[in-house]
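You will see two complexes here that share chain A, one where it goes with chain B and one where it goes with chain C.
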Partner chain A sequence: MTTLDAPQTDRPAGVIHDIGYQRYDGPRLGRRYLVGSLYLHSLRTAFGLGRTIKAKIFPWLIVGVVGVVAAVLTAVRAQTGEVALSYAEFPEVLSILIIFFCAIVGPELASRDLHSGVLPLYFARPLHRADYALVKLAALVSATFLMLAVPLTVMFAGAAFMVDGIGAVWDELGDFLPALGYVAVHAIVYSVLALLVASLVRRRAVAAGAIVGAFLLTSPVVAVLSVMPHEAANQLAGLASPVTLVGGIGDWTVEEVGDLDIGPYGPLYGLVAVGFVVAGILLLLARYRKVAAR
Partner chain B sequence: MTTVSWITARGLLGRRRFLLLFPLPVLLVGLAVLSRAAGVASTEWGLPVVHGLGLGVVLPVTALIVGTAVLGSEIDDGTLLHILTKPLPRWQIVLPKLLVAAGVTALTVALPLYVAGVLVESVRFGLGLAAAGAVGALAYSAFFLALSLLTRRPVLLGLVYVLIWEGLLNNIVSGTRVLSVQHYVVTLTDRIAPTALLDGSVSLPVAIVMSAVFTVGFTLLAIRRLGTFSVAGETS
Partner chain C sequence: MTLIATQSLTKTYGNRVTALSDLTVTVEPGIVGLVGANGAGKSTFIKIMLGLLEPTGGQARVLGLDPTVDGHQVRARVGYMPEHDCLPPDLSAAEFVTHMARMSGLPKTTARERASETLRHVGLYEERYRQVGGYSTGMKQRVKLAQALVHDPDLLLLDEPTNGLDPAGRDAMLALIERIGTEFGISVLVCSHLLGEVERICDALVAIEGGKLLRSAQLSDMTAVTEVLSVEVSEGTDELAARLAAAGLPVRRDNRLLLVPVLDPDSAGVGAGDTALDKTYDLILTAVAELDLPLHRLDQRRHRVVELFATDPARVSGPVAAGTALEGAR
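Let's turn to the complex of A and B:
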């Protein structure tokens, strides 16, 4: 420890002691670590983990209902041997709950940070704006996927112990894995729309309403288009709503007997869904390029 | 009283958020015009447009946005305190706000419902829809206004009611329809202008009495609740 040289006078003057403060020049946890922590934090936020009981009510209510549905389906199958609902139909039947889950979690992830104005703090770190948007999206997709995939896996596990012989288990697996992919498609399409809407609205409550509105408003359009006197219009009607858009993909790929009449337009449904997701992500990135840049 | 309603109306109509309400009626009228122009029989598209979109989505969602905004936005930004400290009885705060909410909702919803009703069936059906829609707007507004005083998350709970209770549960468990504003509206419309399109699922006395109970009950609850209201910051 050294002292700065005092002025060359006799009287004692004020001195500044160098008590050894140093710059930190060791390794720093960079952008990748930030992305990882933000993802984990967002995923925990989605289920209200690490927060008050109030934040847990709504997400766990939905998780509970989905779990009960899966448990009942498994029990029915165990008792009667009938498959009341196939794996692929599971997310379709529960689509309103998925919408609701996205409407609860999406604003929690995006609108909260907008409302409390903490985005500049995030962006002061080596975290890019695009990282933030993509990580939030990934967290919402993962949360929605988990919410559906875990009960679906329970259903599969139940069925695997029920059927006779390893061959039947393979058949079950053959039904289960595509359905898992179909659940992922649901999670991606629903989450993109939900997070995009949530990123535009500061107040969580309004954002939740806007998300549900965005999903619900489009379904009567489908209902009207599907009674039009043109066959092509009927078969393309499903494109008008994200719910039936995903349903059309299901009819095209995983289900033998579709519940929507999509005719030969299956690949178009897939293409439109990809375009929808890409456009949604681009809009989300554009939104976060501008937001909080004042 | 007039000042409170004037403030409420200005707070409601003077914001950009109010523009969110316009796509709903426009979509309703647009779909009706489109279907009419395509020359499809109105029995095919009448139900999804009038019941599915009009009474099932446009009316409750408009009432939800407006009804939770008249008091909710003032609670959120803390300006409710300025009104509460004035020497006004609580009912003179709740009633004007309820009337403004119901009026705005009824105006935004009844007009497109009337147009859609005329396009589907007849002027009488349009008027029936508009009148029943106005009654529904009043009941919904009272409910959502009380909800914004009872809980911190009024919009989410309101959505639970509209989606899960009215949208999902009413189709499965028919007994829950007795507590569903949507079915009162359907029944009233069916009585004013009988058509093959809508059939009332609850009886007329139930619809009338329960609409009144919803409106008066939740208004009284809101007044009571506002009397013991404590202003607090955001917690969760």
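Let's turn to the complex of A and C:
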């Protein structure tokens, strides 16, 4: 029987050989792999996965609050049978939480790399600058979408068990899927603004404040315009702030009874939102074309 | 193959600051020192080599590629260690270097394997699972080097790798760089404002000042062993100098060192079968023994590279006023 303490004379077991440096001539994967790796890394960063508990607190706090809201709504519906909040209203009611989420995660994705000086290391590798910017945006959009879409799906699943008959489930699905799209619109518009601001500020805390500021900055304009004694001004007021801009799209597309009075300007809201996103992406790309080249 | 070749390379920031002006230099594989005062244009040079900056004029070729055209190909084969802090404090070294390996296109498992292997090569073992934020400066420098090395580049660009290190840390870092250049077989371009530091490990040296080439040469030409012995004793340096002078050796004093030229082979006192060098050693050792002094060092001295810039030594060794204007623009 061989025991651990039995001396093995024939061969030196357990000796670690320093095999020296080994050159690598295996595959070096291309652009898609780099983009995919960075995307996964960024998505994990967004939720603080693979990092300390400190990085997890804030994103998961918001995820928790949103989850509780969804759970309560489902429970209320189960008890009373009343729909307290439609699927499409869900992201609107939570818009302040979406802003907070973007203000926490956006700087985590963009400002952190600026502050720690990692950015030059990325750009000293075969990663395209535009890819970096777009991947970070995609990660923030996905994180925000997931933060909202998962609770929304839970609500739908709950409802699907509650309603009677397959026809009613189809009706639910008819409400749920457009709402999911509406959540995506929220995620895209909010993320573009948040990431653009975050990419300009090196310090995370400052960036978080700046993002919240950027969302709230123009809300007085909306308030003033909407009380003007002029119908078109009232109906166009929502264009002035990203929050009401997205709300206007909701009124135009998914909601039967809009909470904003947008009149006939629905398509304009859509157009402005598209212009806002495109402009934001172009600015983001311009920002990353120059940064860290000093 | 030529490692780096530039032709009238010029880089100006705006219209005011000239970082590089008309720099033409050819660098062969090996360990190459890029020396110059702060703001001499070293970092700008490296960034142009990486294709991170576009030159205002002239051409550059790295590993036979033009970094302004084939930037991605160049960057796939080059490792870059910046001068400044570049590590996220809340990741472990192992995770960070793995991520950087993947960003160079290494598949997932390979990236992890090579990351821990590279960290081991730079001297980080169990610490690699701790967060980088808690590391000492020396350990951070090692992680920075590891991330530059992890994808097995053909050329390493190191910008002031010994910055912020204590003397022991400097020696360790330089020894590591020397190993990379010799054992690992990777060419290294190492930037430093300390000539005395890089001359120890480099095969070739490029000195720039104010964006202009001061001198470029193989170090073997520069540091040929001279016929001078240097002696260091911890006390009684003056007595020894007097004794050696009395013995017919024209001693020169250099701080705590005594520099003794080897005896002329034809002069008196050099016996047959004895080389002039041996004889000089004997004379010095006898003198030291007779005076009973604690001998620290006795060796044959190399030409100090500084002496190569003897036309105006202050330019390289001292702080250069002309170069500091660039500091903010780098």
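One rule holds for everything that comes next: the second predicted complex is superposed on the first by the 268 of 294 C-alpha atoms of A that agree within 3 Å, B and C clash if a C-alpha of one lies under 4 Å from a C-alpha of the other, contacts with A are read in each partner's own complex, and residues count from 1 in each chain.
What we mean here is this: a residue touches a chain if its C-beta (ideal position, glycine included) is under 8 Å from a C-beta of that chain, and two chains touch if they have at least 3 such contacts.
This is a predicted model, so every value here is computed, not measured.
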| item | value |
| --- | --- |
| Clash-or-fit label for the pair chain B, chain C on chain A | fit |
| Which of chain B and chain C A:Val212 touches, first, second, both or neither | first |
| Which superposed partner A:Leu29 touches (first chain B, second chain C, both, neither) | second |
| Which of chain B and chain C A:Gly117 touches, first, second, both or neither | second |
| Broader residue contact with chain A after superposition on the shared chain, chain B or chain C | C |
| Chain B versus chain C as contact partner of A:Ala55, first or second or both or neither | both |
| Touched partner set for A:Arg287, first chain B, second chain C, both or neither | neither |
| Contacts of A:Arg44 with chain B and chain C, given as first, second, both or neither | neither |
| First (chain B), second (chain C), both or neither touched by A:Arg202 | neither |
| Smallest separation in angstrom, by C-alpha atoms, between chain B and chain C in the superposition | 5 |
| On chain A, the residue positions that both chain B and chain C contact, one per complex | 51-52, 54-55 |
| Contacting residues of chain A [partner chain B, same complex] | 51-52, 54-55, 58, 96, 99-100, 103-104, 203, 205-206, 208-210, 212-213, 216-217, 219-221, 223-224, 227-229 |
| Chain A to chain C touching residues, read off their complex | 20-24, 26-30, 33-34, 37-38, 41, 50-52, 54-55, 112-113, 116-118, 120-128, 292-294 |
| List of chain C residues in touch with chain A within their complex | 47, 50, 52-53, 72-73, 75-76, 78, 80, 82, 84-91, 95, 99-100, 102-108, 110, 114, 117, 121, 131, 147, 151-152, 180, 183-185, 329-330 |
| Residues of chain B defined as touching chain A within the complex | 17, 20, 23-24, 27, 31, 34-35, 38-40, 44-45, 48-49, 52-53, 56-57, 61, 64-65, 68, 72, 76, 152-156, 159-160, 163-164, 167-168, 235-236 |
